[in-house]
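Chain IDs A, B, C and D follow the sequence of writing; residue 1 opens each chain.
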Amino acid sequence: MNCQNIIEDTYTYIKSIENKGNVATYIPELGKVDPAHFGVCLTTNDGTQYTAGDANTLFSIQSIAKVLSLSFALSLGDKSIWQRIDVEPSGSAFNSLVQLESENGIPRNPLINAGAIVVCDILCSHLKEPKEELIAYIRDVANNPGIHYSETIAQSEKSNGYRNFALVNFMKSFGNIKNDVDQVIDLYFHLSSIEMTCCQLSKTYGFLANGGKQLITQKEILTRSQSKRVNAIMQTCGFYDEAGEFAYKVGLPGKSGVGGGIVAVLPNSYTISVWSPKLNERGNSYRGMKFLERFTDTTHETIF
Amino acid sequence: MNCQNIIEDTYTYIKSIENKGNVATYIPELGKVDPAHFGVCLTTNDGTQYTAGDANTLFSIQSIAKVLSLSFALSLGDKSIWQRIDVEPSGSAFNSLVQLESENGIPRNPLINAGAIVVCDILCSHLKEPKEELIAYIRDVANNPGIHYSETIAQSEKSNGYRNFALVNFMKSFGNIKNDVDQVIDLYFHLSSIEMTCCQLSKTYGFLANGGKQLITQKEILTRSQSKRVNAIMQTCGFYDEAGEFAYKVGLPGKSGVGGGIVAVLPNSYTISVWSPKLNERGNSYRGMKFLERFTDTTHETIF
Amino acid sequence: MNCQNIIEDTYTYIKSIENKGNVATYIPELGKVDPAHFGVCLTTNDGTQYTAGDANTLFSIQSIAKVLSLSFALSLGDKSIWQRIDVEPSGSAFNSLVQLESENGIPRNPLINAGAIVVCDILCSHLKEPKEELIAYIRDVANNPGIHYSETIAQSEKSNGYRNFALVNFMKSFGNIKNDVDQVIDLYFHLSSIEMTCCQLSKTYGFLANGGKQLITQKEILTRSQSKRVNAIMQTCGFYDEAGEFAYKVGLPGKSGVGGGIVAVLPNSYTISVWSPKLNERGNSYRGMKFLERFTDTTHETIF
Amino acid sequence: MNCQNIIEDTYTYIKSIENKGNVATYIPELGKVDPAHFGVCLTTNDGTQYTAGDANTLFSIQSIAKVLSLSFALSLGDKSIWQRIDVEPSGSAFNSLVQLESENGIPRNPLINAGAIVVCDILCSHLKEPKEELIAYIRDVANNPGIHYSETIAQSEKSNGYRNFALVNFMKSFGNIKNDVDQVIDLYFHLSSIEMTCCQLSKTYGFLANGGKQLITQKEILTRSQSKRVNAIMQTCGFYDEAGEFAYKVGLPGKSGVGGGIVAVLPNSYTISVWSPKLNERGNSYRGMKFLERFTDTTHETIF
């Protein structure tokens, strides 16, 4: 059975079962999305794409973008990053502030909010125009000049992001934010506002399946070693307190966002993205998780 | 460069650098071990072994044995196991009791002490003679009738294991221990007392690199799916609060013990064991971690 | 209006309102008590008693006895007690094990379970026959040779006291238990099994309203300074995570037990006991709390 | 021995022993204070004052002012206050954010930072010009039109108060802040900036020893019942994680500030203030605590 058939069969099956969970509503814009959306795109390392459903509809990738800001910071060669952010799983969402307090303002990893905020602070220290240079970097990685921030989403995040304001101020109190808190959090809210389609997403993140090199052009985004390490971080920290469950059931490194998107990587082979807005109780796409579990059960290909 | 050369070169290099850390002393027997011991054995899926140093000296594998009790429980087909134990990383050693309290006596995963104690309780529910049947199972997996408990270590664990007594009673208070606490903890202390050499260790755990099948005989120890899942659990939970660091720097699923042993797996390829008694500040073998990091840096083969 | 009238009026009013909450059932014996029981006894410093309802029915005083074991330990002059137990409120019931872990096995105060277990350990270190000598001490303080342990309750506590076994083993792992855990916990379970009537209770604890001296005989149980300090500890720590609420609404130092008893003290004036088995959601007698709040609202006499 | 003699003797003795601890330096202005300052003033309910040392030097009363904002909120009759703030001790400084998270943004009590910020939010909801009306209220209670905010201190708090910004945003994320966070925190920083002398302090707080009535004028600041309850809150929550220790050693309701001031109350008798800038490791005035302990040891008058 070829890849397109497996994608389609899995898609059809998952679409036939109950679409459980709830769309994120902590910002009004996310709450407006049609919960019936469901799209998939697998991009192999040679650039071939296999799709199903709403694979070309734009959605808010939210926290998935944290992998790109991390990649940018790594490519800038900042030496302080692993002194200022750990690489351990966070244990649980519940613990985020607890751990931050007992660990003196050092976030557990760069993919939780606190860690991504420190990454934004690092970017602010290195860049003259952080917002402009970050989106330029992401367009470059995506090989697509049309990728953009959603100002509507960014402003909505800002108007409702009290917990993120709390995080940045709390870390500033420990000395782990070097720049002005308003500048840092503004960059963070913009990072969270980026929109992509499933096809753009799996293509953009293809370098992580390709030893750090952009698909087709083979341009180096990260070194092979950096790329492996980003995959390792996604594996252990990419799904909040469901990282172990995802490793256990799916077996691929990946990252989810509250917009209902997930991207996952089989190193040396392919990158796959799924989007379905309803979230399970741990904040990951309900259908996205089910799809990937069934897909890897069928292909028998995982990193384990 | 062939495998034996890489093993030897890496061994020689690591032996030449400072042997930092401290031997575990929480039970007197472990404290008596010569800290200069250092052995390595890599067993490929065809059964070939490459060694360096003290690869044939017996040592206390301690928590590494938790993977075998888990495998035994999985092979018994108990349906309740994933209701009674989660598969998420524990966040940090510090949190173990905190999390157990806030999560109503459900351990975070089967490789921390609390989780392994619940696994022992499950074994007690299924087996008539738990201690005898567990060692018989392990001898069978190891294909070696000489594997044994160390009664000296088991008694020493018992005389000093107040925190483990606390854990089993605490979980009993939540109803997550079904058998008599003394029977369960006795099985747990015996499990922790097993001794192996590096060569025995990498051979015994070879089934995890071989899709669940014993090396050479191809006898099924676990199904392919179960085997992948045990690897996923080792990947996210095998090194206490250094799981992320190990994933980041080494990139293989593995498990460590406070006796200074580590076993790690490259699926479909090989199993490697390292032993050096001095532990780093997170309780994992100092030289063992360094060796595996350098070894995978050289071979460029990781799951990521 | 005289004291007897206020006691009777308050009693009648509280009896007329809904008897909310639940009888403790964690040990079967407590669950068998008739929830309609309701008794009160106020003993003035001159020994006069004012009563209402079931003031002469025996009930399990449970944790209220922790004040007597503390008094005994203080009278033995052990210097280590305040190095091994703190005098701070515990914050909340939820935190007990959390705090014990982060504070290296030092209980927050001598009136929570962990602290009372350390007090029992101190008694075991000083006494040849701890169980016999403790009950003898309590009979002496009560000036009543009939006070006794309930073996039924003590055995029932033992059969169900997994969390207390967890606590004693946990503290032993930190070195804060010096004697055999089984001996210590046996003394603790016996301490918790003592039975008194309301009239016995307010008379026994009368020394805390009387500058440390037994009522009528004026025999010194504690020095004046020790007596004040026990009152201060009851004030800040006597009601688990409802200590502040009790101070706020009642304004007297006191101690509650899960048997539904409460004893409270107005220094230099009187001691009052209330018993009603149904507990509010924080584990204190529902009617007992209501009674004392209304009583002090009427008398206008509090320590504040 | 009369009161003046006891004050002087105690003062002389405490001045003769080592002046341990450190001046607070988290804002530069506090760090500039001469650590040798030491003043005491006791005001009896008839208005008589007994003093020693620097009793008429202005200092930053810091958190002591939280009692006045609480009194103001109580006098405004807001019904929601005890739904939005608890009255339990906080357990420990360490736990503040932990507890706030696990308790859904409800502060433990109105005297910790988080609770005082909610009180400021309540004032913002009731007042048109919160800053002006708060200082007017305090002048009225103090019967002294000269009491003022220190703009220097308030601005310094603002420039360094990242943890307080974190708190207000964190509670806003739980919906427990109703007004604009910037307005609320500005009022809070001004509240923290008030300066008084020891003599002003013990006179201003005299209403808490006087059944809620201003000394001399007998004007009602709080009802008798409210006054008792504020004393009860100070008793259980006035000294962060040293509340139990203060109750145990001193035995009076009171409140401390990081400027080195302490005010304490013996109901129906007197109010006493002490000021010495060096703080012990729990953030309370080193000499202040020692003075009050020795003073009440001498007078034998405590609430217990």
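Following the convention adopted for this analysis, contacts are C-beta pairs under 8 Å (C-beta built on N, C-alpha and C of every residue); 3 or more make two chains touch, one makes a residue touch a chain.
Treat the numbers as computed from the prediction; the structure is a model and nothing was measured.
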Review point. If every chain is reduced to the average of its C-alpha atoms, which one ends up farthest from subunit B?
Key: D
**Study point:** Gap in Å, rounded to a whole number, between the CA centres of subunit C and subunit A
**Key:** 54
Practice item. Averaged over CA atoms, how far is the centre of subunit C from the centre of subunit D? Could you give it in whole Å? Key: 32
Revision key, fill the gap. Per the C-alpha means, the centres of subunit A and subunit D lie apart by a whole-Å value of 47
Review point. Could you say which residues in subunit D touch two or more other chains, in rising order?
Key: 94, 102
Point to revise | Chains touching one another, given as label pairs in label order | key: A-B, A-D, B-C, C-D
Review point. Can you name the residues of subunit D that touch subunit A in the complex?
Key: 94, 97-98, 101-102, 162-163, 165-167, 169-170, 172-173, 181
Revision key, fill the gap. Residue positions on subunit D within touch of subunit C in the complex are 86-92, 94-95, 99, 102, 108-109, 224-225, 227-229, 231-233, 235-237, 241-245, 247-249, 251, 253, 267, 297, 300, 302-304
